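Dropping the structure in here first, questions after.
Each chain carries a letter (A, B, C and D) given by its place in the written order, and its residues are counted from 1.
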């Protein structure tokens, strides 16, 4: 109806014009979007990755990026990577990924195809790492993970993906080990945030503690959107729990510690994921933070040294902890490195060490080296199993003691003894 | 063309008895007037017949079919259509599109767009609205919108049409024209009509029989002449005038 | 087997949580009930109130109860600004709110919510922050109840009952009530509809932002740019449960939600307790569309 | 008027889709994968357009269907090793089934009440999935279906093409007229015989179907399903923003909206600025308050000749 006669020629012309415009616009934008950047100048090795600078993981992402920048800067100003007697500088090629999995495929494809990145680092978090892994696999590019610790990534049979940090499932082991040695009859409550990482860590802790003969009298998770755990704490208290394990990310640890006071429960021992290592944890909690413990991948106070490496018969690579911490403060504008910074920086050194040991940039050679590499850096020991999963890096247990964060376990790297009970 | 009947229809709104066992009958091809003061339950009864509300008790029959449990659109498909007291055109659509919705979705189920638009045009010219057909319905005057309501009701192919105050608010000249138009349409498109008004003028002229409601109950029924001389009716309307002074 | 003590304590905590929810939802209730539009960005104004309390604490040493007063005063200005930039165009000269105006407000405040929460990330960073204020606990038999939350509970009841008295007993309150029933009736009682509607909006925002400040007592660490994403839906459910415009409905809806969430947790995982609480809305809308209050 | 024949825009869109057909062969993968994402968002925009664009029922919780589709593919590929293309079909089917079930209840609510009921359903869905160990609970499902740009591309291309054709089909005929009547005045539509409830359910079902299919593609391309990310209300908000900016209810609006929302967002990532959602939010406010018909709707209203072209 109302087909106001548009002359057939007008119509055809319009279609042709529209089609031409579309082709030109599409072609131009495709040309610009796919324009390969200059090939890397001789003497550098290009490492590509995306990092969460906005969205959910922006805090962790920013800390990780600073760690990588620090590591790269140290590497480049201390002789670079030596291959065939020639020194190569490392350059970082990165973009934001807004913490969204949907951005990962285009960004990593671009890193490989357009930017010609020779090596890849995984994005932060397990979900984003899982999305990036098939691209590393497809293009045969090595990808090192610094912030994706879900064990199931390493069950997928990827040949090019290696893990530098400890898997999530091992986080709370160090606390349970200490309890086993000192207070084996304590009853445990495990309360944890319902996100992927925290759940993996907490469920593994529950299994491990049961295997160690502990009684877990209460366990419960809660959605991360919820900011109230009083019902769980009350239930754990009335179930007769002595010790509290669990938490999640920074906010969760803080929440648990704060609401303990609200429900009037004083556990004897508290070990919380992630949050405890942040200086703001102590600032916000004050005395309530005293004697709270937590696992850490790494701390700037941890005592990994070249002597220790030597005593284990391992190579040492990279800066000392003090050197790293100092340079990090310069790079980040005065911040103290968190373990996110540590693991990201550690990843850079693993890559550099592997290339140097392989004496080649060839993926196959570097991959072969990575599979058998066993060395120590300021971040600790590195060794992976045949699936690419980290096995040698051990967690440490830290505790706030009178306003200072101390590494308390295992004894080899501990600064001091843990204090027990909490609230004493 | 079946007879439309309500059988002892009652309706309660949160404790208020809006209709108390009202029984009316609209034989095929006839015109029934339904009058009563404001709040007497006329519109409620109309809404119940049209399926917009469900009766608390009682039944609505179309021939041998009970229709009071059916949704409004199903009742339209059985041939009963209603105009709205306050016109509700589809404001973003043209007048002709408004009518063709009714053509396509009404009883006749004409699927072809061209045929439905032709039918819409035919009805609009019957109502003297040719010049308005490509205007958006929102731009019509109130009287034109009322005609559009009627056009849509006719377009559904209904043989029972429920007219809710279509003659209200007209000047005496306009009223005369409207009554003429109505008769003309009746001549071309046969249908039975239930005319609801609270002013009596048009109803008394057009209806063969009149039912009077007061406070939800039927107080009188008969020819227009009988009704205007009924004592109860006079009392109801006098009381109404004292309280409410109609315009 | 769940211990009775746990259930009892969950019940008490649920009541306190319910009062916190109620005060957070009350501002939305007022605007929804009177002006008949829904502010999808409600959660972002709660967030604004919470950050207000946070900064007042950091820079002025205020505790959240004091900050609630300051936030409430600020909320008046924010509310007027909101009314004249978002609602006035739609409401001016209207006799009743059309579905179209309702939808325009829905969509524009949806945009506002995106805008505000993401601007907040830039302004405040995405870090979770909290206010370090803890007045201690009070022993109640075998239970210990947090004093801070008790104060908030009392304040919540006070704010809501004050608004009931205000609407019932004052001239301007009556004008607001008249507006909520029939816009033209406002003129009959001699009040300017725009003045009445903008005042109601301003009061609603004042309560919302004060509620945001009070909320920080309950969630000691949860101030962050995206916090509205939880408290806005909770507020919507509460207002629908209680019935928009029924002032005591906020309290009743809030208590229902708080008690359901906390007591259910004694039996099912927390996530499911929240799921049940959210889905409560559906049967209420189906069978009691006017809310659970008569 | 809209009962008109197929216009220039229809053939333009068709030409565009045909051109896109050869794109993966003409450009490197790095281009295809951007277009895959763009088409993914386009598919979401068309999907929500069926219900929100056409009837005015604002489905704030639309992400629930995306989540259902994503989990359909994730679980079926993870547990039964189902081919991902079948997973997409399964996602579409489950999206449809859930949309019909949810719609049967929620489509009774009007205006704001509908919008809010969809939000609470989406939130409840997330909270329920967190407690379903069969779906990986809070840990989600990690998949390894490989890097399959061609399969991804043509699957999502096919979904978008379907959506465009169905949108045109609906807008052109009797259905479109009835739906416009519903959007304009639901009760009046009922009183001229439009089977309002059935039509709304039909549209909601369609939109659930395509959102489910889109969600399945999302799980496929990102090699995993994670509850918080999959059920993130941000997806609902992005879909809504796209059709509001592009123009609700039209056939051209959703793709236009997807292009102007997605491409800048992607571009902003590579220059590392976190402002895209602020700008989108601002644009939605301005459009809702001043040009509620969006880009396409406004152009149509402003100019009769454009109106003809944009049909």
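In this section, a contact is a pair of C-beta atoms (placed from the backbone, for glycine too) under 8 Å apart; a residue touches a chain by one contact, two chains touch by 3 or more.
All figures in this text were calculated on a predicted structure; none of them were measured in a lab.
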> Quick one: which chain's Cα centre is the longest way from chain C's?
Replying inline: B
> When the mean CA coordinate of each chain is compared with the mean CA coordinate of the whole protein, which chain is closest?
Replying inline: D
>> Can you work out the whole-Å distance between the CA centroids of chain B and chain C?
In response: 46
>> Counting only Cα atoms for the centres, state how far chain A is from chain B in Å.
In response: 72
> Rounded to the nearest whole Å, what is the centre-to-centre distance of chain A and chain C, using the mean of the C-alpha atoms as each centre?
Replying inline: 38
> Got the chain C residues that touch at least 2 other chains?
Replying inline: 121, 229, 269, 271, 274
> Where in chain A do residues touch two or more other chains at once?
Replying inline: 1, 54-56, 58, 194, 221, 223
>> Among all residues of chain B, which ones touch two or more of the remaining chains?
In response: 113, 117
> Touching chain C in the complex: which residues of chain A?
Replying inline: 54-56, 58-59, 194, 220-223, 225-228, 230-232, 234-235, 238, 250-251, 254-255, 258-259, 261-264, 284-286
> Can you name the residues of chain D that touch chain B in the complex?
Replying inline: 1, 3, 173-174, 177-178, 180-181, 183-185, 187-197
> Along chain A, where are the residues that touch chain D in the complex?
Replying inline: 1-4, 6, 11, 14-15, 18-19, 22-23, 26, 29-30, 33-34, 50, 53-56, 58, 95-98, 100-107, 109-110, 112-114, 126-127, 130-131, 133-135, 137-139, 150, 152-153, 155-158, 194-196, 198-200, 221, 223-224
> Once bound in the complex, which stretches of chain B touch chain D?
Replying inline: 50, 52, 71-74, 76-77, 81-82, 84, 88-94, 97, 100-102, 104-107, 111, 113, 116-117, 134, 152-153, 155-156
> Which residues of chain C touch chain A in the complex?
Replying inline: 3, 5-6, 9-10, 13, 17, 121, 125-130, 132, 134, 137, 139, 143-144, 146, 148-149, 218-222, 224, 227, 229-230, 262, 265-266, 269-271, 274
